[in-house]
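Shared chain: chain A. Partners: chain B in the first complex, chain C in the second.
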Partner chain A sequence: MSRIDEITRYIVAEFAPDIRADELDADYDLLDNGVVDSLGLLRLIGWLGERYDLPVDDIDLAPEQFRSVRAVDAFVESALVKGPAL
Partner chain B sequence: MIKWTDEQRTLRAAAAELGAVVGKDHLERDATGTFSEQGWALVRESGLLGLPFGAEYGGLDADLLTTMYVLEGLGESCRDGGFPFSVTTHVVSTGVPLQRFGSDELKQRYLPGVCSGSAIGAHAISEPDAGSDMMAMRTTAVLDGDDYVLSGSKSFVSNGPIADTFMVYARTGKSGAPDAITTFLVERDSPGLHVGQPMGKMGLKTSPLSELFLDGVRVPTSRVVGKVGAGFLVLDHVMKWEILLSFVVNLGEMEHRLAECVRHARSRKQFGRPIGSYQSVSNKLVDMRIGVETSRKWLYDTAEKLVARKAVTTDIAITKLVVSEANVASALAAVQVFGGYGYMTEYGVEKDVRNAVAGTIYSGTTEIQRQRVAAMMGLG
Partner chain C sequence: MGDHLSGLIDSHAKGTAVSFNGADVSYRELRALVADALRVLDGLPAGRPVALHVRKSPESVALVLACWAQRRPFLLPPADLGTDARAALYRQAGCGHVLHADLTTVDTGEPADEVPELDGVGPMLTTSGSTGLPKVVPLPHDGIDRFTDWAAGAFGITGGSVVFNYAPLNFDLCLLDIWTTLRRGGHVVLADQERAVDARYLLRAFTHARVEVVQAVPLFYRRLLEVADGPFPDVRELVHTGDAMPPALLARLPEFFPNARLRNVYGCTETNDSLIHDSDPTSADPVPIGRPIDGVQVRLDGGELLVRTPFQAGRYLDTAIADKWVEVDGETWLRTGDLVRQDADGVFHLDGRADYQVKVRGVRTNVQQVEQALQSHAEVADVVVLAVPDDEAGYRLHAVVRAVDGTRPNSLTLRSHCARLLPRTAVPSSLELTADEFPRTTTGKVDRKKLLAERV
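After this line comes the complex of A and B, so read on.
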């Protein structure tokens, strides 16, 4: 399973259980459309940190990085490449 | 178990010495709700305010665990519970977000004042209709040229009456959205900023608190702390530090209280025996000890996890809940152990109950911490 599929499955399972993973467009705005709220954002960040071993408390976080499945995937890619922001 | 170095023990001893001096006239200042200006001058001299900040800004470059250990010493020795609360509020409200999210320009301009204590810090988050539900805040920040224009009001601003700089959290986006809040550093003398009168409260009376009114306050875009829309994440980081630093002070207070209660229970005799020999009293002391040990474990384990760059959202919520509730239980038990003396103002035991209750409310109430843990379990 690709990483973007894995992220999609997690978001659907945790925040949008009424839809199927293949129904969530990778560019769908998760924040503006209320799929992920503020506490949900913390949950998502926590999951990403554990799943991909990201130093989430060291990375310069911004909500834009979690606006869509594609943005989340790009965030993970960037964090894995760059490592922690010191 | 953490093995502290001689250097860490020396720092803690210095903080304990300072706390004992500051706390000397705590009863009088609690009665009048007076912040210790003399204490602030002493804490400025000690360098304590710059503990976790970079040496290039005048700080001591201490790590999180060392900072906590030293503040635990301050809590253990200082009988004025409001004073350490003002100290930790100062450190976490402005210094912590500046260090983590501030631009180089902001750090160079404001962190030296945080470290030296020349510019007292506060943060303005809660509002009359938005306490724990910060995403419902109404204070707005609207971009106008190179400035944001802030309008609204804030309530329960600890250090408000004495603060020089405020971290103001305001709405820049769609209400309720996680990217709706932005953090601004606002100077006290900004036109349109009005600090309310000190407000009376149940406890922590020596740590002044007020409302804050923002009437079209212009703040340059260069004073945005973190990214626009990242205020919730800034606050999440600040709350982790606030909970660890403020409540490790409570741990020190609980340690002192337990020692005093044990001493009293061993020396106070009723019906020919020390009261501590009665199981109904000794059980209270054992529960107080369990509260101390449980609080210590949660505080330092969570801090170690945070330092190891692990996600601690659930741990922080549990830590805050456990320590604040243990502190209330400990303070109430102390009143009972001291009996009539515990109830009298002049012995300073009842004051701890009033102070401890605050801990179940600020930094997110006990109820919101449970809600947060539930949400992290996928239940909310």
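After this line comes the complex of A and C, so read on.
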């Protein structure tokens, strides 16, 4: 399963359990539509940190980075490229 | 420049005016930002109201000051209000242009001959309505002048005072922590409204300068205490407002704020601060809303609190909405919708709401408005929105939806629909599709209590 599919599945399971993963478009605006609210965002970030071993406590996070599944995937990509925190 | 800003920024103020995300903006720099904004506003039709589509930042603070300096009425809706609702408010307020914090402008196309009567009006804030749209609250300049005079005295805000601002820019709370502070030459530390529940961010922002005065909803204090390891001895005035302060959280405040006077302020957008109470952290009872502040009158009608303040708007922009403003003996009072009782000492206590309003993350939200928004979707046959008590948010909204036969709307399409019509706090946290008829009371109304009990 690709990373983008995995992120989609997590978001659907956590925040929109009534839909199937293939119904959530990668560009759907998760923030403006209230799928992920500000408290949900903290949960999502916690999961990303654990799942992909990202040093989320040391990264300056902006909500914009989590606006859609595609944006989340890009965030993970760039955090992985930067490597683990020392 | 100095003349434009007289009364809005203390003319002798020096040093830092605004801090935001680790950066300091001096009074000199703030004046320059205001000058930039004034150049753009000067290019727009004089006196015509504008709408500001901004989130909180030093630039958006300067933009508000520039509108103020021109005595130009300006609409400040929630930054996350849906596009359709936003457009309807622009029309209602007669706004010719929308301005963003980067000073780009967009022509709304609204005709210039349909501007409402706005004499003496400065900011137009919004509050939750029961029918579809938020209600526009036009605040008069003279009421704001009276408010900032009161607030500066009550909380000791003078030149150099460091004041923390948590509320989003469109909240009336900013009249105290941002606008009073700048008028008196103080230093306001802004919290980024986008990161309002990020505890580590909040601690960084709060400790950026030696904050003396802080006003925030209980959620802020809960978050801050999760990560703070030391006391904040510089804080001398702590205001909690906007939502009920849990006694267990209040009890922990003296340890972190050993030198602070703790007060509960009760008010609403229409009247601004109305009652105040010295909170007792040793009491396990719900915190009272206290007594009227200077110049405020109160009365009770069937248990509902009515207030009349020196700061009040006195009307909604849409004067057809008259249910909350009432005339009593030739004077205008606001029906707050809050049920209260007065104890033997004259202190008022909150007992609940007379209507369908709840606070979601400190934002007054009318569940019927959310129901109407959902009901307007073609595939929704019937809907009930429940306010579910929540430790973090105060309340969260849960929608129970019966679909039109043969359709299967999903939560994403319904969310998108809500998001176009409502502020983000009013978009339900969760949506549930059901095929069952809703339970009814003996009088035929939907039995909300039963629905709620089945889901808590």
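FYI, the second predicted complex is superposed on the first by the 83 of 86 C-alpha atoms of A that agree within 3 Å, B and C clash if a C-alpha of one lies under 4 Å from a C-alpha of the other, contacts with A are read in each partner's own complex, and residues count from 1 in each chain.
In the analysis below, contacts are C-beta pairs under 8 Å (C-beta built on N, C-alpha and C of every residue); 3 or more make two chains touch, one makes a residue touch a chain.
No experiment lies behind these values; they were computed from the predicted model shown.
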Overlaying on chain A: chain B and chain C, fit or clash? clash
Look at A:G46 in the shared chain and tell me whether it touches chain B only, chain C only, both, or neither; answer first, second, both or neither. first
For A:V56, is the partner it touches chain B (first), chain C (second), both, or none of the two (neither)? first
Applying the touch criterion given at the start, work out whether A:Y28 contacts chain B, chain C, both or neither, answering first, second, both or neither. second
Pick one for A:V81: touches chain B only (first), chain C only (second), both, or neither. neither
On the A-aligned overlay, A:A16 touches which partner chain: chain B = first, chain C = second, or both, or neither? second
Counting only touches as set out at the top, which of chain B and chain C does A:S38 meet: first, second, both, neither? both
Looking at A:M1 after the superposition, I want to know if it touches chain B, chain C, both of them or none. Which is it: first, second, both, neither? neither
Contact breadth on chain A, by residue count: chain C or chain B: B
Pick from 43-51, 241-249 or 313-321: which stretch of chain C gets in the way of chain B? 241-249
Contacts on chain A seen with chain B and repeated with chain C across the two complexes: 31-32, 34, 37-39, 41-42, 57, 61-63
Along chain A, where are the residues that touch chain B in the complex? 14, 31-32, 34, 36-43, 45-46, 49-50, 55-58, 60-64, 66-67, 84
Taking the complex as given, what residues does chain B use to touch chain A? 101, 135, 174, 176-179, 226-227, 229-230, 232-233, 236-237, 240, 306, 309-314, 372, 375-376, 378, 380
Can you name the residues of chain C that touch chain A in the complex? 80, 194-198, 200, 361, 392-393, 410-412, 415-416, 418-419, 424, 427-429, 431-433
In the complex, chain A touches chain C at residues 16, 18-19, 23-24, 28-29, 31-35, 37-39, 41-42, 57, 61-63
